[in-house]
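Each chain carries a letter (A, B, C and D) given by its place in the written order, and its residues are counted from 1.
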Amino acid sequence: MIDKTVASFDEAVSDIVDGAFLHMGGFASPFNMPSYLIAALARSGARDLTMTTTSASTGPENAKRLASALADVVTWPQDYWEPGLLAQLGQIRKLITSFPTGTGNVVWPFEERLNAGEAEVEVTGQGSLAERIRAARAGIAAFYTPVGPGTVVAAGKEIRDFEGVPHVLEHALHADFALIRAWKADRYGNLVFRGPRTFNETMAGAARVTIAEVDEMVPLGDLAPDRIHTPGVYVQRVVVRPSTPPASWEEPC
Amino acid sequence: MIDKTVASFDEAVSDIVDGAFLHMGGFASPFNMPSYLIAALARSGARDLTMTTTSASTGPENAKRLASALADVVTWPQDYWEPGLLAQLGQIRKLITSFPTGTGNVVWPFEERLNAGEAEVEVTGQGSLAERIRAARAGIAAFYTPVGPGTVVAAGKEIRDFEGVPHVLEHALHADFALIRAWKADRYGNLVFRGPRTFNETMAGAARVTIAEVDEMVPLGDLAPDRIHTPGVYVQRVVVRPSTPPASWEEPC
Amino acid sequence: MPDTLPGTLPPRLDATVMAMVVVREFFDGAVVNLGIGIPMHCADVIPPDREVLLHSEHGLLGFGPLLRTAEGVDPYCFIVGNRPVQPQPGMVYLSHDESFSIIRGGHIDITVMGGMQVDTEGNLANAHPPGKPAANLGGAQDLATCAKRTMIMMYHTASDGSPKVVERCTFPLTAPRCVDRIVTDVAVMDLEGGHIVLREVAPGWTPEQVQSITGARLVVADDVREISLV
Amino acid sequence: MPDTLPGTLPPRLDATVMAMVVVREFFDGAVVNLGIGIPMHCADVIPPDREVLLHSEHGLLGFGPLLRTAEGVDPYCFIVGNRPVQPQPGMVYLSHDESFSIIRGGHIDITVMGGMQVDTEGNLANAHPPGKPAANLGGAQDLATCAKRTMIMMYHTASDGSPKVVERCTFPLTAPRCVDRIVTDVAVMDLEGGHIVLREVAPGWTPEQVQSITGARLVVADDVREISLV
């Protein structure tokens, strides 16, 4: 019998070792971030991680400020942790990302690491990042895109003209683990998302092991075949978020 | 106000001229074939068409035989027309397809044209065909795949090794028109499919004009944002199938 | 009431009026991506007689204006910066890859984004501020390269008064030769064949006054006129 | 009851028994693609204690056996050849591109397909019959190249008696160096380092008898044994 459920977040990330390459989903909202997987990774202490993320993220302190600035509009979940926490804890060696730094005067934890020479970054546009991850899921080794020539992202890469337009050759990004957030799952690992699906959908299947953090596990057959966004063959582990949030990310879960 | 509805199939295909390049969706079932668009194309008489299809298809006579062979299992729709009809009428100059011929002793209309030297074929595996069409939708000029080297599909194409494995460079296929079949649409052209979505979903957006034949038009807002398979920005025209099938494909519709 | 003291300049447009200038081009049915920051003002002033589909990179198409109170908030319907937006009928949620397929496949009619520098070749720099260790490219490179029309909506000069419309960008490029039109708080300019053509000036401004705060030579259109919102 | 007349050969396995030999390898949770024709027999004999996810190229994952009467038919749940199959809980409908992303991204554990010729290097020819003007590649090239394990299920000899297991394929290749195992109506053979290793023979058959109807030299495994279905 297929059952991809894993009992705890700590167990789900237990084989993510130092130096692992991770795809990390979620973006632009506390409601689509794989927060419990991030917290478990923080507790595990795995270091020297290489990670793809849309954004390096703002970090716990800035997130708190944003939450109170938006308090009249959105009720912020208290169990929100993002990749900035891992940067703050010094667990990230390298990010491949489209937003490495804060805007204006805001300085993010990863940016502090960068400035201190303790981390490195490969800046890439979001489109090529998405396509490179999708290429890994789909078995494409590399592709030519018109986005990038004439800018820093093309440095050292092959440029070739197609119909007179320069294109840059971009390579697939295949990770050891993909950590994503979904809404509902069944025991096959079939996933349904809610809201913009961001990299959460894109990254599923682009790693040796895809781990989905979900709000709810439903019986097999409850998810209609036309409604499933991610087929279970892309997912190796599913962990359900607790109904009662822990007091802090440090609490085993 | 956005309203992509077109009143008739004849009108929907009226600007498909001789020599046009078409993506033609549907495969493996009478219930996902853009049959009315095919019938309208047959009536229009547009010739010298280049077309991508999963299969050249069996043609009206063989389809009838198949329908009666399966009569105890499936009730065959009488308004089923497939690309074989266009081949029989001599409208296809070239197919880019993964199944150009019948199996065993069955000879398809397109195959007869091939044997007579009246048509040509570019045989491609279904995966590279799907990916080349998706590349057009997604703005990728070309990509490297490990599928094809050492076989006829790689003839004349660039081969490059990635991690010691030979890959072939395949180019995007961008058509003038994509003719597809969906289940429900709204006036923005948002589409929901039923059953395996085949090339119908893949081709939407991979042409200058995508035309969707649908079973039903629903009010804007009826299709939940999480359930829409194809966003309306990929679709230019929508035509609703008649509730009462015409007597033959020759009847204006 | 233009300021007529010698050496001083007329008042500039505010962000809402700039947005009204930009949205003149949002035709009925247009698919539009608005950058975070000043371009988001456009969402508030789209004429109600036009259906414009707003696109956001993380997988959202067809949403409404930013919500500034808790009323009507769907916590799953938000744009970058964790800001909830108004859900609309016909809206679609997407994955990041499909969302960028929409951008890179040429399915966006108009992209409106902020700028740090634009030069005479239409090169755009808007991602890497001085002093930051790396660029925040986001989706700007994809949008600027692949949208059918790229509009830059920005203040004409930086906060220190230095020009942002320049002969040659000195900041790292977001994308080369991509800009079609620049809308600032004092002018509307088009990029044409290696020139920046001054099409419209803010009320009270002369072409010479616009030129005086611009870092590139402007070609004044024969029919240069005052910005009108019609 | 093996035929013992000199010069004649023992009886061969039928398609159902061949399928039972193939499905021995379908582990619980395996993702399996079955080719049209003889491999589809496997769907009928999957042991009920194992959950095997069947994949079909046009966008179907997790379906059940072919339906041979109208009972339980969902006209939207079918496989290639317009044949309805049994819907199952956990089933997923997909687009063609995502379905091939599953194949080409290496997410298929086992592919079982028919063959016209397999040679000692594991080259496969199964798409272009003599006399036809072009090959019917379908998804065979993708599956044979990208599945974790490629199994060929075919009769040991063609209808005219000619061998299908050969030194070097003479028909156009579907994919080079892709075959892991061949299951025929008389033997089970593995491709290993440029050799075809004979692992199992049908009841009553000797390795020599199998060799006598084979077009390539077989390496007989030290532990060659009679096919068993356990």
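One rule holds for everything that comes next: a residue touches a chain if its C-beta (ideal position, glycine included) is under 8 Å from a C-beta of that chain, and two chains touch if they have at least 3 such contacts.
Because the structure is a prediction, the values reported are computed rather than measured.
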Set of chains adjacent to chain A and to chain D
B
Taking each chain's centre as the mean of its CA atoms, which one is farthest from the centre of chain B?
C
How many angstrom lie between the CA centroids of chain A and chain C, rounded to a whole number?
29
Centre distance in Å when chain A and chain B are each reduced to the mean of their C-alpha atoms
35
Would you kindly tell me how far, in whole Å, the mean C-alpha position of chain C lies from that of chain B?
39
Residues of chain A whose C-beta touches two or more other chains:
131, 134, 138-140, 145-146, 193-195, 226
Find every residue in chain D that makes contact with two or more other chains and list them.
93-94, 97, 100, 103-104, 146
Interchain contacts, given as pairs of chains that touch:
A-B, A-C, A-D, B-C, B-D
Sites on chain A touched by chain C in the complex:
27-32, 54, 66, 70, 72-75, 98-101, 103, 111, 114-115, 121, 123-128, 130-131, 133-134, 145-153, 193-202, 229
Within their complex, chain D touches chain B through residues 56-60, 67-70, 73-84, 93-97, 99-100, 103-104, 132-142, 145-146, 172-177
Residue set of chain D touching chain A in the complex reads 28-29, 31, 51, 53, 55, 61-62, 87, 89-94, 97-98, 100-107, 146
The chain A residues in contact with chain B across the complex are 131, 135, 138-146, 162-163, 167, 192-195, 226-227
In the complex, chain B residues that touch chain C
1-2, 134, 136-140, 186-188, 190, 205-206, 220-221, 223, 225-226, 228, 231-234
